[in-house]
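What follows are several structures.
First chain A sits with chain B, and in the next complex the same chain sits with chain C.
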Partner chain A sequence: MIPLLLMIIVPAAFLAAAAAFKSHPKELSVSSTFIGLILAVYFFLSVMTSGSIAQSYNYIPALNIGFSLNAGSTSMILLLMASIVLFVTAFAGNVNREKERTASLLLLLFQAGVSGLFLSGNFFVFFIFWDIGIIAPFFMINILGSANRRIASYKFILYEIFASALLLAGIILIYFYAPAHTLNIYSLSSLYAQMPLYIQETIFILFFIAFMINIPVFPLHTWLPDAHSEASTQGSMVLSGIVTKFGGFGMILIFATMPVARSFSYYIAILAAFSAFYAAFLTMRQSDLKRVVAHTTIVEMSIVLFAIATMTNIGQSGAVFGMLSHGLVVALMFLSVGAIEHIFHERKIDMLRGISKGAKFTAYAFLVGIFIMTGVPLTSGFIADVLIFIGGASAFGIYGIIPLFSLIILGAFMYLVINKSFFANRRATPAAATIGISQKMGYAVLLAAIFFFGILPFVALNLINSGGVV
Partner chain B sequence: MYLLYLLLPLLLGALAAFICSFSSGAWRYSKYAGLGGAVASSLLTLFAFLKQNTIQLGQLQWFTAFHSTFAISLSFGYINQVLLAVVAVISPLIFFYSIGYMDVPEENSRYYAELSLFAASMMLLAVSGGFITLFIAWEGLGITSYLLIGFWTNKDAPQYAARKAITTIIIGDMMMLSGILVIFASLNTFNFSTMISEIAAMSTVPISIVAAFVLIILGAFTKSAQFPFHEWLSDAMEGPTPVSAFLHSSTMVKAGVFVVALLLPILAQLGLLNMILVFGIISAVIGALNAAGSTHIKKILAYSTIEDLGLMFIAIGLNALAAAMVLFIVQALYKALLFMNAGSIMKANDEETDLYKVSSFSKNRLLFATALIGALSIAGIFPFSGFFGKLAVDSAGLSNSTVYIVLIVLDFATGFYIFRWLFIPEKNEKKDSEIRLRAKYASQPKSMTVSQVILAALVIFLTALFLYTNIEVNVGAAIVLTAGAGFGILSAYLLFWRLAGLAWERSRTRNFLSKGFFVNAAYLAIAKGTRALSTAIEEIDYFINRIVYLGAFGVADLGNSIRRSETGIVNFYAAAVAIGIFMMLLLLVLLV
Partner chain C sequence: MQQILPAGIPAILLVLIAFMVLFSLFTLLSRKRRIYKVVEIAAVALIAITSFSMLLSGYNSNFLYLFQANAFSELLFGALSIGIFLILLISFDSEPQAETAMFVSFVMLGLFMVAFAYSIIAIIVGLEFVILSTVFMILSYGKKYLEPALKLFVLGAISTAIFVVALALLLPYDSSLSLVGIAAAGAGKFIVGLSLVLFVAALSIESAAFPFNLWVPDVYDGAPGNVTALMAGINKKVSFIAILEIFLIVFASYGIYGNSQLISQAFFLISILTMFFGNLVALVQKNIKRMFAYSSISQAGYIFIGISAATHLGIEASIFYIIAHMFMIIGAFAIVFWLETKNIRSIEEYAGLKDRNAFAAVSLTILMLSMAGIPPLVGFAGKFVLFSSAVYANDIILALIGIANSFLSIYYYAKVINQMFQTREVKRIRPGINIIAAVTICLIFVIAVGIYPQLLLGWASTAASVLVH
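Right, the complex of A and B next:
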């Protein structure tokens, strides 16, 4: 068995190499993410055949803190998604090859952070990689972003640092109240019951707010539109595709392991449903293509939180599938928006006309992205919607499907956008540039993954069926 | 699983046409790809009908999630066969007609790819035996319909129409999906036959299941253009005419009727038939009245489609499935024929669509003959097959006197508006010289003429089939139908042939009818309301953002004021230290 640690060592080694050598930064990041993808597929297959993998190393024995890694079902599905997105980001994300070296270094740092986070076996490791996963995108906004990048990046880091402070407080509480100072995420599920109830509730609330900022859900969502729309294309892809999944992953962990979650779930479901509608209406008011896509993230992730809060197996597996689907589709959409900005030097919906004429592939990639968001069958979005709302309906009866209707508002607006800016070509915006083969390959890889999981959903679902959500 | 192979040629055709779009010269082969796929698919369907006893039906397991199995189930029951037959007959003719009609080289590949995908979705819908299969096809229909309505990307009106259509479609899709999922959450099945037997076994049905079926009916209404979701259909006429003839009259808009027909036993048990009946009546009346008011050569037919679909829902609402299915078959043929005629007229008049500006049908004898067959058929005059459809619905309506009166009025209105449609162009002033007009009419592509003749022949042939099967005819209803339709035709003749229609056209009634009962205005009001709500939410979001900023600025201000204490004056520091020590001592004393 190859050690799971390799998932972290590989990007770290490539990061060191990229820092040491000045030449070929892009090639280094592409090969690192490619090796990461191969490893993720390998671990995915081995978890599929022989169940979850847990590996542990001594780290601070005096405090009984180990460096433990765990590959379970949710973590492997999310890691696979993240690896695909990272690979595409590395080779297709940087259209105009600006500041390539910085971008590659940050991407490698982020890759290490993501791998560590999704594979973390205890909260200590979780926290370390959480912060690495926050710092890299911060610089992707702050250094590589567009005009308003500074204020957006500070807003992002302010929220996220606040979140990680809450997270740390929760972890410290667990450390002192858990028997034998254990921080192991998976074995804690049976130990929470031994803590006093008010401690459990405090831990849950601390964690919940931290993850809620990250997911994000109303009213703590205001960092997201700025951060996503000001970041570089690569930054937006990883921010929306992967960083928001940190929170989703954390939510799944606490809802599935903490028994106290059940007493909060009802209110959280209401909040998430409200947030989905709120964000859908907010999307309607956007005029910048990138901000539109950014706002759709809030809608989709609110629906994911709703699914987690149904507290049903099928709903939570739908949440995992929804995160898988959303990560891929939002990366696809940000990639196409980046290409549109590159081709037409324009992001305003009112200014763009007839994109399908100047950029055929990009336009159709975006259109398929909308199909996935609105849950068209044979794409991964459909499977996610079906599972989530079966869970919703079995938990809350007929009211459990209400959040589905937020997709009407979202979908109607997205089709309006695509209709006005993409297809109507009476006064088509002239194309100022073209995209290379690597962007088209990027669309192809993401679309292939989306249809793969949409047509063969059992590949991911069997993992959850046999191993449970965590 | 043989039934799934029916889709294969169409999917291959779509793929071939799609590939053709990448090469500059290959567009001319895409039409053959589309036509070939459609013909092969229809032949396979014919084979399925011949060998229907040997067809293996079953569930193709797709995936499982925690004891819930998701399966692709197929069915080849009576309702499935009706729809499948309609699609298999119409689709090759439409592809054939398109070869002549679609003379836009650079767009051909896209057109045939989208149309083939549509036909494949339609076939899948027709063989579906469970909600998963049905919904896959349902979304396929919605998307291809959206793409085909907005096919002319260089004009604004089709784009507007496509937007309107997709908005309605997505509302319907979500209602449908939510209904399906609620039912699955309580019954754990997607399969229609299992569902029907399980619900039949229940003594009291939970309210959530009733609500779910209401949602499904509403979803069906959006697809079948029933009140209050009907206005997209008239705008959808901005699409290419073969598309109107195929999607928006004969096949796709029947999807809603098809779903409701499949679920009829459940809906009857749950007591939802009255709802269907009422909405069917409203839609049929609105459709017929709007058809009498419009002057757009295709929109008249579109409103008439709304009326036809309303009639089908009326029949279903009266629990007369057979009547609905008879109309289902005959309507597909005559409406496709009429749309083809409209397309021919438009093509001969440089895409003119105003009824008062086009030249007459009778410039081309064959065109006029086929249009007359179509018009007589839709009006319900005896030797033509439309008669049997109308008669079946009228006979079903005999059980309820109110409904029957409405049906008689509708018979009259149908005869009136369809012959208005046929007569007005005859009396128009000629804009072009006789010779040029004749040349235009005579130079119609052969493929268009041939498909119209075939369809007209089928309309008549179907009558022979009905007579052969010895269906029971209620003579009284037949006489009333003929009288009503004949009276409608007579009034159209008097008004539009003898008086050239000016009195009607300038009347306030027509002006009112052409407004479409302000449904569009209602849509706009809803859109405006949604927009206002979103503006309000944007304000709230701005407010939340302000709070965040104020928090950040507050911290910065606090930092600033603390910074001001660092003055650099030693005396100040010494005083501060002294005060600090004093306070600490005080604290110590107080605590101890």
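Right, the complex of A and C next:
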């Protein structure tokens, strides 16, 4: 059995190499993410065949804290998604090859953070990699971003560090009240019941707000549009595709392990549904293509939170599948928006006309992205929506499908955008550049993954069915 | 184990330090100063290695009725010797060379006395050595440094006066002045409580704890950068060693194990107030040195969390954090000092530092993130152990307040980081090799121990068991 630790050691080693040598930064990050992808597939298959893997190492014996890693169903699905997105980001994300070395270093750091986060077996490890996964995107915005990057990155780091402070406070509370001071995420599920109820509620609320900032859900979503639209293309891809999944993963963990979640789930579902509509209406007010895509993230992730809050097995597996789908789709869309910006030097919807003429591949990739986001069959988005709303209906009856309408609003607006900027051919914006083969390969890899999971959803769903959500 | 080392090894240490002092005198007299400085740096390295080899072989002894060698003193002396090594490295090229070298070696002597103290006399003389040589070191940089030197001198004098009064209250119980002797003789007496309060006041001044820390920003800001590094990195840590020795040995039977929790409660309050004071005032600073001064005040507050817990784990965490913070702050001030020599002082002027010098920007970022407690750097490991010690000591409030403060601190560190990574049209500058070496050593420590804290935590645990059984 290959140790799970390899998922973290590989990017760390490549990070050290990239820091030491000045040449070939892109090659290093591509090979690191490629090895990460192969390892993720290997672990995915081995979890599928022989159940979840848990490995633990001595870390701080004085505190009884080990470095424990756990590969369960949700974590493997999200890790596989993240590995695909990272691989594509590494080879296709940086079109104009700006500040390539910094970009590669940050991507490698982020890869280590993501692998550790999704594989964490206890909250200590979870917290360590959570913060690594926050710091790397911070610099992706701050150093590599566009004009307003300073404000955006500052907002991002304040929100996210506030979230991580809440997270740490929750962890310390668990540490204090759990029998034998254990922090193991999976064995805690049976231990929460031994804590006083108000402590359980406090811990749940602390964790919930922390993950809610990260997901993000109304009213703590305001950092996201700025951060995602000011980051570099690479930054936007990993921010939307992967960083928002940290919160989703955390939500799944607390909803599935904490018994007290049941008493909050109803209100959280209402909040999430409201947030989906709110963000859908916000999207309609946007004029910047990148901000539009950023706002769709809030809609989609609110629906994921709604699915988690249904507390049904089918709804939660829908949530996991939704995160898988959304991570891939949003990476595709940010990749194509980045390409549009590169080709036309323009992001404003009002200014862009006839994209399909100047950039055929990019335009169709974006279009297919919208199909997937709105849940067209044969794509992973369809499977996710079906599962989520069956879960919603079985938990809340007819009211459980109300959030679906936010997707319809979103879809209607997106098709409007497509009509206006992509296919309206009069006075088409002249193309100033072209995209290379790596960019097209990026679309291809993401689309292949999306259709693979759309046509063969059972690959991922069997994993959840056999092992539960966590 | 003990047979590996000769019995007189602490004496060898003393001889080495004396050799250092002597060499610094040579530096003062000679024209070929460089070579003497190199020899001195080598001597410090040798001292650190000797100290760590004593630690590794588990060496224990009393000597001269004044000093004792045990795991605690060996670890802290060894670690702080590395700190002095770094200070000598960063002030390798700074004028006046001879005076700097000489006074640093006197600080080293003071450090030795405090760390290896068996008698309270050693502590008081050691603290005086440290403070006075720092005062003269500041003064030797020129007349314009009179103000910080005078402030430090007056505060040091007040601290010593209070210290002596506190000591006088203990004398009637045991005139041998040995730490353990007083502890046994004075147990449970009322007057000892008064003495304890005075000790808290005296040592709070030097360790910059809450009500007595208003001198810190002025002095740190006024003094030249390498002396600031010395004060923040060494002087403050020396006073923490004194705090650990006095409160955990002399007052062991008074507050910690008995039914009275006086020490814990006192340090509980000091810790909270110090953390909040440092962090809140640091938020509005415009000058980088003042910001680091206030941030190091708040970092001292974290160290007090472990002392307040007063358990084995708490002391272990405090020792860990003392050493960790020494590396972080010396690394940070090394860069600040170097930029100060290029006339870059305010946070405004740090804009575009990455275009001036990427190494400085990246390393300062890593060091600041570590101070803010971002994993996987040593600051996080230290804080987590400190918070856990509060948790194990049933003090959840202290842990939560500590977390709130970690969040506060990111606000001002992020402000600086934000400035440094702006794009500006500036001239590229390069630091000397000595600055790069010192910062690299700090970075290696911050990252390596951060990723695997057990490297240091094991030693800290051994050292803590000397003080708390």
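As a working rule, the second predicted complex is superposed on the first by the 470 of 470 C-alpha atoms of A that agree within 3 Å, B and C clash if a C-alpha of one lies under 4 Å from a C-alpha of the other, contacts with A are read in each partner's own complex, and residues count from 1 in each chain.
Please note the rule applied: contacts are C-beta pairs under 8 Å (C-beta built on N, C-alpha and C of every residue); 3 or more make two chains touch, one makes a residue touch a chain.
Remember, it's a predicted structure, so these values are computed and weren't measured experimentally.
K.L.:
Taking the superposition on A as described, I'd like to know which of chain B and chain C A:I161 touches: first, second, both or neither.
P.N.:
second
K.L.:
In the superposed arrangement, which partner chain does A:Y415 touch: chain B (first), chain C (second), both, or neither?
P.N.:
first
K.L.:
Please work out whether A:P219 is in contact with chain B alone, chain C alone, both, or neither, and reply first, second, both or neither.
P.N.:
A:P219 contacts chain B only, not chain C.
K.L.:
What is the contact status of A:S265 with respect to chain B (first) and chain C (second): first, second, both, or neither?
P.N.:
It touches nothing on chain B or chain C.
K.L.:
On the superposed three-chain arrangement, identify whether chain B or chain C touches more chain A residues.
P.N.:
For chain A, the partner with the higher number of touched residues is B.
K.L.:
Is A:I60 touching anything from chain B or chain C once the two structures are fitted on A? First, second, both or neither.
P.N.:
Touch partner of A:I60: chain C, not chain B.
K.L.:
Taking the contacts chain A makes with chain B in one complex and with chain C in the other, which residues are shared?
P.N.:
Shared contact residues on chain A (touching chain B in one complex, chain C in the other): 158.
K.L.:
In the complex, go through chain B and note every residue touching chain A.
P.N.:
Its residues touching chain A are 62-66, 68, 70, 132, 135-136, 139-140, 143, 146, 150, 153-156, 159, 162-163, 166-167, 170-171, 173-174, 177-178, 181-182, 184-186, 207-208, 211-212, 530-531, 533-535, 537-538, 541, 544-545, 548, 552.
K.L.:
List the residues on chain C that touch chain A in their complex, please.
P.N.:
Those residues of chain C that touch chain A are 313, 316, 354, 369, 374-376, 380-381, 384-385, 387-388, 391-392, 396, 399-400, 403-404, 406-407, 410-411, 414-415, 417-418, 421-422, 452-454, 457, 461.
K.L.:
Using the touch definition up top, name the residues of chain A that touch chain C in the complex.
P.N.:
Going by the criterion above, the answer is residues 58-63, 124, 127-129, 131-132, 135, 139, 142-143, 150, 153-154, 157-158, 161-162, 165, 168-169, 172-173, 175-176, 181.
K.L.:
If you look only at chain A, which of its residues touch chain B in the complex?
P.N.:
Of all residues in chain A, those touching chain B are 155, 158, 219, 222, 278, 281-282, 284-285, 313-314, 317-318, 354, 356-357, 371, 374-378, 382-383, 385-387, 389-390, 392-394, 397-398, 400-401, 404-405, 407-409, 411-412, 415-416, 419-420, 423-426, 456-458, 461, 464-465.
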